[in-house]
């Protein structure tokens, strides 16, 4: 752990990423205390102060109904990070189980499961999520569901390829010889060998999940107002370009910043854990 | 060196793309896809197409009440029978002559397809008396029948029947992609989702202004920011009315003119009267009194002189039969709201109102947020839901799926209050996009029936006035504001019908008669 | 049978199976739609009989497997049904909108390869030194924002503040171009209308760049990673031992072995572009399939949704087959899967 | 006549996170015209880096610090520019690597790779001329069907075949000095012996000087005229091969010799137990001691 931190510290870019992520997570968690206008995450309108450019009172200006954009960005981070965490809590385990089963069991289980994975992977990820959100009600839960559904196959494929090569390794053969159960071999012998790759992918995926989720809400298929969401803030603001640029530019940069942080951090982690791209 | 090359290439590209126009072109846009089949026309884009590609027997009088002859030269009324004499020598764009058979075919086609505004012609039987005379018989008295004829576009029956097939007996495929009218403009190409291109019809039966555009391009679904920039750069002429006020404002500040069309409609916040707690009149009155009418009007202001709306005085827009005087503007009354809320059987925290807004109209999102904040002051809980137009019309088909609160801009499609109010409030027409209230009130029904059957203007005035009072009392709707449609336009075009009250038609969409526009460049 | 032909047949077979699976998946998604598609189709003023008629036409009253059967039968005839939104056959709509999207995605893919690969090579060649760090930061930055953010930023800078590029559409509307291929850049050239040709390119550049940015970052990172791995290989040291110039080693000796594993991922990035086109087309009012897709999804237009997703999946499968063949062509191990001598 | 290679008091250190760490502590080594010299030591002893300094490769990396003289054919390599050093490689000196199959580029045919190599000496060489010269060289290394081999990719050939190809390539430009880094260690023992034998005949024919680097004294015995034993960056014993084999005086050399029977399998060498005696000073056999 300390060693990991030292390597992180030796690589300035990763350190910047680490600091960015910590700052953003902190700001999101403590948004109610940090945000200058904590009530602005909800049903508040102030038409006397709407559509104002950045100023000392509103660092990033106000939106069309007079809410403080900076405050809303902090709350929007809560939504983005929460969604990312939920997706990454569900998709990797599901994908891992499928990948392990297919990779270790082989035979028709492998054929069926991996063809299924191929089916999911042969629709561009965003298109699948858009199609799902198109038929579901646009809510946060459904957005999480849609992103999870498009995400698990990637883990299935990753674990499958590792499991398949491990299947032939000596220690697995040895376990088979002494009569260990398939379950034991798959989960106790093979799974631990997949973990570094899975963990690295999860860190790198955090930023990617945030991008996909914000893309959904950009198209109006995500979280509904008045809940603040970075993607819908950009979409909403884009109607008012170029005059009211602050409506779009700040939420856009907010996405860039959080994803950049996770990517820098993930890049550093990859080096620490020694996982290939 | 490379940079200079790039700059040069860019300059070259720009220079190459700006040749002189051979003919005058008018470019405008609408948010929704234009439906070219006149029997299916219902919204604003459809109306623009219909009024230019097709003609009707009568048209509204410019700058005043009443109707003028158009494809007809005169008409007689005998009880429930209306007889029209057609104008001589009118030909369709195909060259076929206009006959009474075309009129009969047009109304029957509309009735058979049963879409768009066909409900206007429910109990009408048409008959060709001779080649140039057509009579309509109504099965019940209907005072605004002549007014409703502005929604009966006459199609070229010979051409349509040539293109009809056994599977498609009314030629729907043909008419959804081609024009078959007598109109001043013919369809050159029609790409749903993209644009419709129209060209001036040189064989039109009326004189067309020399300066009227030779070609018109109606584009669909452009983003507000795109329209804003295109107009500023001189590459677009007239915006849709759905541009947010801020964008209109920015354009006006940059020198664009603002065109207006008013007097036939309003912004209605419709309450589902079948869904608790809004099935209780006191609960409804609590929220209609809590709505901040003043702020809503403020939001609509574009310049000091032009606004997207004026204060509402009741259920009927100012200027129509039965409307209240402008001085009776509705205002927020929180004391009254609290009093009604005390009588309401549901605790404010249990309201859980679904406030919907139409995805194509960004302004409604702000109004939804305004309502949510207004109601929250009473402790009323609510959530906001975005509905694309098509989905909204599907949801309102059943009372359970209809949201508590829907926001609708409604216009009298013929300019008469009957077409504004009957569809909204009569118990026989529930579950359309106009009637998400599901109102069932005998008093309202009686007043509506009286209004459509009354023989004199005085009697109509009295009937609609009674209706207005009753609608205020039972509050099925928050009467948000009287709508004024505003369009931003470049100075390349002058549109008297949308800028000079003396030339206005008093019918939505009719102001976009291209033949009356003038290109000034 | 040559190994490449065998590979092609095998890939076609798998793709067919996958495509059937995709059709099932899409069909399943489309049937969980809330609401009555027939009523959505007819609009606000439809009568009960009309709704019934459309329900029967769309086989909505049949059991789901039978509906799927009808769907497949129609699919086999190349009939994707009628779009409820445009009232036209979905195939007509797709034929109209697909070329615009492909034109955009092809150019973006080209930019991705033309910029991403050299950046990756540069970074690997100077690994550990400043060009490497710069490329790393740049590529991390480009993959860190969704393409709609890049689209908005590019538009703001290069269309609004510095009006170098147009902000919407494929071509200025004064040009009447006969539609032959649907690719504006090709049709204008076929028509010999050079001002229109330049204008079409002028419109294409900014959206394509916006779409390509995250792909550029991906391609650069990937190429660098594979190149660095290749640089560890003995044959690179051997090339150094023979005194070849570093630039020549990068271009010839290290690049070709590195590009082969990169190609698969670049194919996937191309697929991601088909998805991201949904975002870029929305920003640039590009009249393509993605914009159509969003419109029909928002309107719950079943036939059109299924048709659009199916055609995108098909395009993606074709691209993957092409990539596989390209790999087979570049990688002698696959081309000569038998040993010539031992 | 000056020696082909003359290394005097060569120091090498690498800059790392913990400061400088010295790898070579001042080694000296000489190769005369046509002489075959072996540098023997376990892995990590510094023998491979020595070869890479001679080739001028380590000079290009930023972390390496090199001190001392390396003269090739009377010219100081350390004083040359990177370009001048590169000009020597592949022409005046060339190298043979441990694993022939992975040292040949997998994406080009043998013929193409020959052309690249011959192009070092003669940049304008055409395809026909290159193929002719390659065919001749392949014949010299007893490859029976040169035309087929030229059209083949490395993975289509056996390891032994690739080894011969690499020897042919290395000698194609008639270099003055051939560096051989553990040649053929990855191969079967019998194949290794065969190709080494072939290589020895060829260099004798061409009069090429050789610096042969190995951990395996057994392999070296067959090949080298002169021997340097390196341990932890220092030469511990040097002299004519015969003399050392006859009378190994340094403790480390003796330990290596004891290890010989166990390492003929070609796998990882059994590193002799570390002993204080291994750090004993250099023992030099006189030229005439044989």
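Chains: A, B, C and D, in written order; residue numbering restarts at 1 for each.
Here is the rule we go by: contacts are C-beta pairs under 8 Å (C-beta built on N, C-alpha and C of every residue); 3 or more make two chains touch, one makes a residue touch a chain.
Note that the structure is predicted; figures quoted are calculated from it, not measured.
*Asks:* Here's a test of the contact network: exclude subunit C and give the groups of chains still joined by touching.
*Replies:* A, B | D
*Asks:* For which pair of chains is the number of C-beta contacts greatest?
*Replies:* Top of the contact-pair ranking: A-C.
*Asks:* So which chain is the furthest away from subunit D, centre to centre on CA atoms?
*Replies:* For subunit D, the chain whose C-alpha mean is farthest off is B.
*Asks:* Work out per-chain C-alpha centres and flag the one nearest the whole-protein C-alpha centre.
*Replies:* So the chain sitting closest to the middle is C.
*Asks:* Calculate how many whole Å lie between the centre of subunit A and the centre of subunit B, each centre taken as the average of the chain's C-alpha atoms.
*Replies:* Inter-chain centre distance comes to 44 Å.
*Asks:* Averaging over Cα atoms per chain, report the distance between subunit A and subunit C in Å.
*Replies:* Going by mean C-alpha positions, subunit A sits 22 Å from subunit C.
*Asks:* Once you find the CA centre of subunit C and the CA centre of subunit D, what distance in Å lies between them?
*Replies:* 51
*Asks:* Which residues belonging to subunit A are in contact with no fewer than two other chains?
*Replies:* Each of 220, 238, 241-242 in subunit A touches at least two other chains.
*Asks:* For subunit B, jot down the residues that touch at least 2 other chains.
*Replies:* Residue numbers touching two or more other chains: 223, 225, 229, 359.
*Asks:* Can you give me every chain pair that touches, using the contact definition above?
*Replies:* A-B, A-C, B-C, C-D
*Asks:* Using the touch definition from the top, list the residues of subunit C that touch subunit D in their complex.
*Replies:* Its residues touching subunit D are 128-129, 233-235, 237-245, 252-253, 256-257, 260, 330-333, 336, 339-342.
*Asks:* Could you pull out which subunit B residues touch subunit C in their complex?
*Replies:* 10, 12-14, 16-17, 19, 21, 25, 27, 33, 35, 37, 40, 42, 114-119, 172, 176-177, 191-195, 217, 221-223, 225-226, 229-230, 233, 235, 359, 388-391, 393-397, 401, 432-434
*Asks:* Touching residues of subunit C toward subunit A in the complex: what are they?
*Replies:* Going through subunit C, the ones touching subunit A are 14-15, 17-19, 21-22, 24-26, 29-30, 32-34, 133, 136-137, 140-141, 143-146, 148-149, 152-153, 155-156, 160-161, 221-222, 225, 229, 271-276, 278-279, 282-283, 293-294, 297-298, 300, 305, 309, 312-313, 316-317, 320.
*Asks:* In the complex, go through subunit D and note every residue touching subunit C.
*Replies:* 55, 57, 62, 86-91, 94-95, 97-99, 102-109, 116-117, 120, 145, 148-149, 151-153, 155-158, 161, 179
*Asks:* Within the complex, which stretch of subunit A touches subunit C?
*Replies:* 13, 115-116, 118-120, 122-128, 130-137, 207, 211-212, 214-215, 218-221, 231, 234-235, 238, 241-242, 245, 248-249, 252, 255-256, 259-260, 263-264, 267, 276-277
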